[in-house]
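Take a look at the structures below.
Shared between the two complexes below is subunit A, which pairs with subunit B and subunit C, respectively.
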Partner chain A sequence: MQANRGDVNVKQITLTPIKFSSVALEFDELIPDEIYSWSKEDFEKYEVPVGNSRFPLTDYYDIEVEGEAQSPEEVKMIIDGDAGRVKYIGGKMGAGEIIVNGDADLQAGAEMEGGSLTINGNAESYCGREMRGGEITVMGNVREYAGTSYIGEWRGMSGGKLTIHGNAGKQLADAMSGGEIHVMGNCDILAGIHMTKGFIQIDGDVTRWPGGQMKNGAIVINGRLERLLEGFELDAIVTDPEVEGRQFTGKYIKYIGDIGVNGKGTLLLNAEKNRHHL
Partner chain B sequence: MEYILKNGIVYDPINEINGEKKDVMFKDGKIVNSVSDSAKVIDVTDKLVMPAGIDVHCHLAGPKLCVGRLYRPEDERRGVKPKTDITRAETGFSIPNCPATGYRFSRMGYGTVVEAAVPPLEAKHTHEEIIAIPNIDIPPLTLFGNNWFIMQFAKEGRIDDIAAFVSAWLKITKGYGVKIVNPCGSEAWGWGMNVHGIDDPAPYWDVTAREVIRALAQANEMLGLPHSIHVHPNDLGHPGNFPTTINSIDCMKDIKKNSEYRNQTIHLTHAQFHCYDGTSWRDVTSGVEPVADYINKHDHVTADMGQVTLDETTTMTADGPMEYDLYELTGLKWANKDIELETASGLVPFIYSGRNPVHSLQWAIGLELALMIEDPWKICLTTDSPNAGPFIRYPRVMSWLMSYQRRAEMMDNKEVHAWAGRKSALGTLDREYDFYDIATITRAGPSKIYGFEDRGHLGAGAIADIAVYDLEPNNFDPTRNAAAVEKAFSNALYTIKDGQVLVKDGEIVKIVSSKHVRTEVEGFEDEEKRILEEIMPFFNRYYTIKFENYVVHDHYAEPSSVYKVNASK
Partner chain C sequence: MAYEPPVTDYDEIVENCTCAFCGSNCDDVDILVKDNHVVGVRHACRLGASKIMEDEDQRLTVPMIRDENGELMEVDWDTALDRAAELIAGAVRPVFYGWSETSIEAMKPGLELTELVGAVIDNQATICHGPTVQAVQNVGYPLMTLGEVKNRADMVVYTGSNPMNAHPRHLARYTTFPKGFFRKRGRFDRTLVTWDPKYSDTAKLSDIWIPFEENGDYGFCNAIRAVLKGKELKQDFISGIPKEDIVALTEKMKNTQFGALFFGLGLTHTLSKQRNIDIAIQLVQDLNKYTKWVLLPMRGHFNVNGFNIFMAYEMGFPYGVDFCRGYPRYMIGETTTIDLLNRKECDVFMVIAADPGAHFPGGALAHLVDIPVIQIDIHWGPSTELADVVLPGTFIGVETAGTSYRMDSVPIYMKKAIDPPETCREDEWIVNELLQRVKKIKEASK
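And now, the complex of A and B:
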């Protein structure tokens, strides 16, 4: 996936912000799959979508290109600063690496198929929407609908890995059917709603209702869960459980649900922090 | 302005022109026999020329479309195309936004598209959407099959009053003709029920589909409307439904036609959904043979295909109970829309797949219909868009009809499931449509069936709706080049509407307002007045809307093209 990383033949593209636009820029065309052969001149010719128009990328960024790439795998693109008004960073990317040294706007890594995207700040909503492969790491928080389906769509994230070092907002992983999400901070309501497969781990506290209408898959919560949905039935208290090939230590309360939709999903709560449910 | 379309290979079945190299001339939006020397020449030497296409049955404007767009944003993101200097942005695949609907039909060389189901209560909305759809003329069919007034009158056998009601309601809704959907069944849905077969009465009203179909057909012929009744029979999509289909047609064979232009007294729509044999989805087989045989032997009926195109699409019909059944079958999201006193519709997304045995059989059944009905004037090309597939697939359906090789290839290399071959006779049908047949099922036949004397042909006096395709019929074998057929019919070289070039080289070059095509009966005014007076107390009691707000005012239907019918009897 990340061949030659660290080798001399990585082509490094650095975009340094010089002007802020309050109307969002869209970066789904600036993915390694498209730009691996671009020279500096190509970038300077390129017009980026801004709202309903396009303007030269050079209006907004200083561009540096170092090295050569024969394939998208050999590309490392760095947005060296705040991208809080840049949407679709890494959208549909299939290979290579993108690093954002700041925040990212809506839809970062949406429909991503491979490669890696690292956001060293916070990400707005819809981060990793309908991800099919690859890896996204957010060092800060994400807002609503991370790793979810498109609005109205019943087929959600199906592969890849999304890691959030901070907190996650509402409706994480709606309609998830594969892949893995790890939230190291807290999580708001309805994580894993409608999920049919896949794995979610939340290390912090959860407000309420994880796994609403889940049919299958697994959710592990290591923090305190405020309110559980009525559709989850207590199965057992388990010690050192193994979930989808991952080993956890300690006691967990295991529920099966959501029985409202004949679900067979697994919800594990850290027993120590969730005594109030027993 | 005068034009001469030079040296094309012309297919114009109404005027019996079969691939002749000739010029087509038009002036001020109308076809003429001669033009002056100063006429502008458009050179289309050896290219395929036909009248612009006419779609006999499509869902493209109205409340169902809006519900579809609202509840399927995931469909809207397919087919996104940014605005240009001429066009607005396009979105959507099975339920495109209004401008995209017009552009896409126009690019395929179509000029007239029938909106097949307008609930009177939502007619205003339908006309508002027609205003937003450019470049095609749209005749809306008004729904009557589950209307409380009609059911009451049909039960009492008051044909004169039904005629007066239909005449009045076509004016009120600015409609073109009479549509009947699952007669009595959509009313039964208001009680959580359905009807099965044409002799199963609607609850409370105690009237049957047979009575409603016959009564509306008699009224239709009493008025002499340009189109016959347009029927979606009971039991749509149920295995073993073909006897219901034949009964629905056969029950009215004694009704006399009152029109010089059309031949039929009933149009059976999306016949594919109505030709299933068997008792369940496990033992279902094709029921096309008896239906096609009936149509071959009787001249009072025409049909359209409702061809499944094997796409992810959105089903939408004024057959509420059927959509609920579909929801139960798929488990996908379901929307239901009740229209007080008139009808009930539903929507469910649907993924037709060549890997699925039933969908593959449905695919085969649609093609069987077009190949087993011998007279191409009796069958039209439709996909019941978007129900069996979106209208942008018409060119693909044409390519299937034109190539036995392509159909066999699809069955051989597993693009469709083995059921397509095993449970239908498609594999044995080696008939291939030629360009003349294609022009018949997409232009000439629809023109006859709808009584559109001014379109669907290239005779002098017809409106100059013309399509030119980038194919050279004398130098091209459609039986061996399915992909090229599809590409050419998808991107017209020229689409000319009312004498104006709207599409050139597959791209929209001009936008014009769509005309609202409607029927107005003259000579029935006294009867209309009397019936309105009679029903008004009932209207005021049961409708939640005032009659004054119910009527579609003239400015909703501008510009319009009005077919006047003289019914002074």
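And now, the complex of A and C:
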């Protein structure tokens, strides 16, 4: 198997699932920052948290380790199969690369600081929660609260980039204070609620109320928006706008809001698809 | 309704008991006792009275264990407690759910047990006012005590709740009808407003009824906030309400002396969940720039608020607290009961003073059928049919004294009026016994 990335030698760790556990496994310790120096024997000795216990990782995965790494940047970890019951994949990771060839469970990439996480399936809720850096790519859909804050916290995602090729669920990027989210599919209610900074681009349709109580930052919607909040004031119709350093082509309706919180946030709607708001 | 003659055949009246039904915790209830049985209840509403009166109906009196044939068989306390302790000690993802209809005193050993075994402890807030608690954490809690509303409020708003049916004495005892220090004429000095898609019994009593459309709560509150900031509304109808009506209502709300907003599950469980409460709280904060406004959730069980206060005080998180990694974690959808059951994660379920069998969604119940369930309760109910070990408790506020928190977070010590059946044990004793027995098993296995 090829074990290099570009011209950099990498240590490739492949986990192939052999047993399903309905109680979720927690992978917050299996991040490049921790495991870059581990040998195959170290992985075989490792016990993974499952509920209130720890069980050997080898009960659930066949483990292959190829190559050597001197730092977390040189690690590439592949979960080669469904991880629909593995929480905290890439949680707090600072460098390196993780690839999931299947679905990921709750909290994938939570509090991530660097490196990259690719999920070639769907992700459950809280994907990229409180993300501070790095890059997450989800090839499928994400559920609720992607790029959001800890429950009750008023500071959410502050850096990095989250790209979702499918649809996003409710309350995307709650309390976002930096970074970038790109949803290529549709998005449900209240995207960017309580947002203070950062950038959200949604290419598909949106059901209701993007930017509720947003103070600043920008949301661009290229699809059709059903319901807009009264807290947004029409500013202008703009052509080929530039938003946060990104160039968009075509006509957009620009709103400023949410005035309920004296917000100065920008909401841009594709004018062609959103004539009903004019 | 047929005339019922007053009860005259009783031995004694136990005065000023606290009703153990809803979050109003009416503490002016008189219980009439004859031969250690409740024969009558004075001052309580029909809901409270029927709970106190008909307690003997379907009462669980002896510990039981389900045998191989699937029948619940009576056993002695030691056998039942040992069986329950074994199940708890051997579990990988135990969940301890309930607690809202028992006392704070019983929660204390419960929390210790949760920490010891690395379980999840959760209460009914997970299916009722959980979103409220989340919103309060996000944007604050402009609350008051109900006494302040009684003495001061000249505008009372109910939204997403129907107290005339669910908290029958709420209007009569605390908010609308009583004569207060600054509201000498009671009802005549107050404006009662209901925001509700339904023409509920509370709406029928109200001076103003705002029937916004279902799931329209967030857009409606957002529009009021925009009006308060001086914006001229653009859409003719917002959430199904004409914009003129919203402007008129906003003016009335600005021009009161003391307004109180009460909300129920109609607000917490519509489309935008905790964000409805979030924006309602911020609306109240905005109104405080003009006059005095406060807000309070209409809590359901008499101690559901108590559990949240107890947990927040002890552990920093209000409900759905997970100790599986040794430290408390709290994440809606991950450490909450319904999700753990729907995902088939939980492997031992203990329910105390709650009836998931009657209230949980089908998927969650389907999993409860497959796993061991331990029930601590006073009545035979749908949960008993699911239970593998049944431990009969006592009735807080009637048979056992204990502390509870009213919906406005006022702690109330609930008296006892009669003695419990001899074969039953107090919840606090049962949970403490389980704790000691699990401790022994854990020490033996070291």
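The rule is short, and it goes like this: the second predicted complex is superposed on the first by the 272 of 278 C-alpha atoms of A that agree within 3 Å, B and C clash if a C-alpha of one lies under 4 Å from a C-alpha of the other, contacts with A are read in each partner's own complex, and residues count from 1 in each chain.
Assume a residue touches a chain if its C-beta (ideal position, glycine included) is under 8 Å from a C-beta of that chain, and two chains touch if they have at least 3 such contacts.
Just so it is clear, the structure is predicted and the values come from calculations on it, not from any experiment.
Steric overlap between subunit B and subunit C is present once the structures are superposed on subunit A. In the superposition on chain A, A:E26 contacts subunit C only, with no contact to subunit B. Once chain A of one complex is fitted onto chain A of the other, the partner contacts of A:W209 are limited to subunit C, with no touch recorded for subunit B.
Looking at the shared chain after the overlay, A:G152 reaches both subunit B and subunit C. Annotation for subunit A, partner touching more residues between subunit B and subunit C: C.
After overlaying the two complexes on the shared chain, residue contacts for A:A271 are found with neither subunit B nor subunit C.
In the superposition on chain A, A:E233 contacts subunit C only, with no contact to subunit B. By the touch criterion defined above, A:M184 lies against neither subunit B nor subunit C after alignment on the C-alpha atoms of chain A.
Of 238-246, 292-300, 328-336 or 472-480, the subunit B stretch that intrudes into subunit C once chain A is superposed is 328-336 (criterion: clashing C-alpha atoms). Note: residues 52, 150-154 of subunit A belong to the subunit B contact set and to the subunit C contact set alike, using the contact criterion stated above. For subunit B in complex with subunit A, the residues that touch the partner chain are 71-75, 77, 83, 332-333.
For subunit A in complex with subunit B, the touching residues are 52, 149-154.
Taken together, the subunit A residues at the contact with subunit C in this complex read 22-24, 26, 49-53, 85, 87, 106-107, 125-126, 144-145, 150-154, 170-171, 189-190, 193-194, 208-209, 212-213, 227, 229-231, 233-234, 258-262.
Of all residues in subunit C, only 91-94, 117-119, 134, 137-138, 218-219, 222-223, 225-226, 228-229, 231, 233-235, 238, 271-272, 275, 278-279, 282, 286, 323-325, 330-334, 343-345, 347 touch subunit A in the complex they form.
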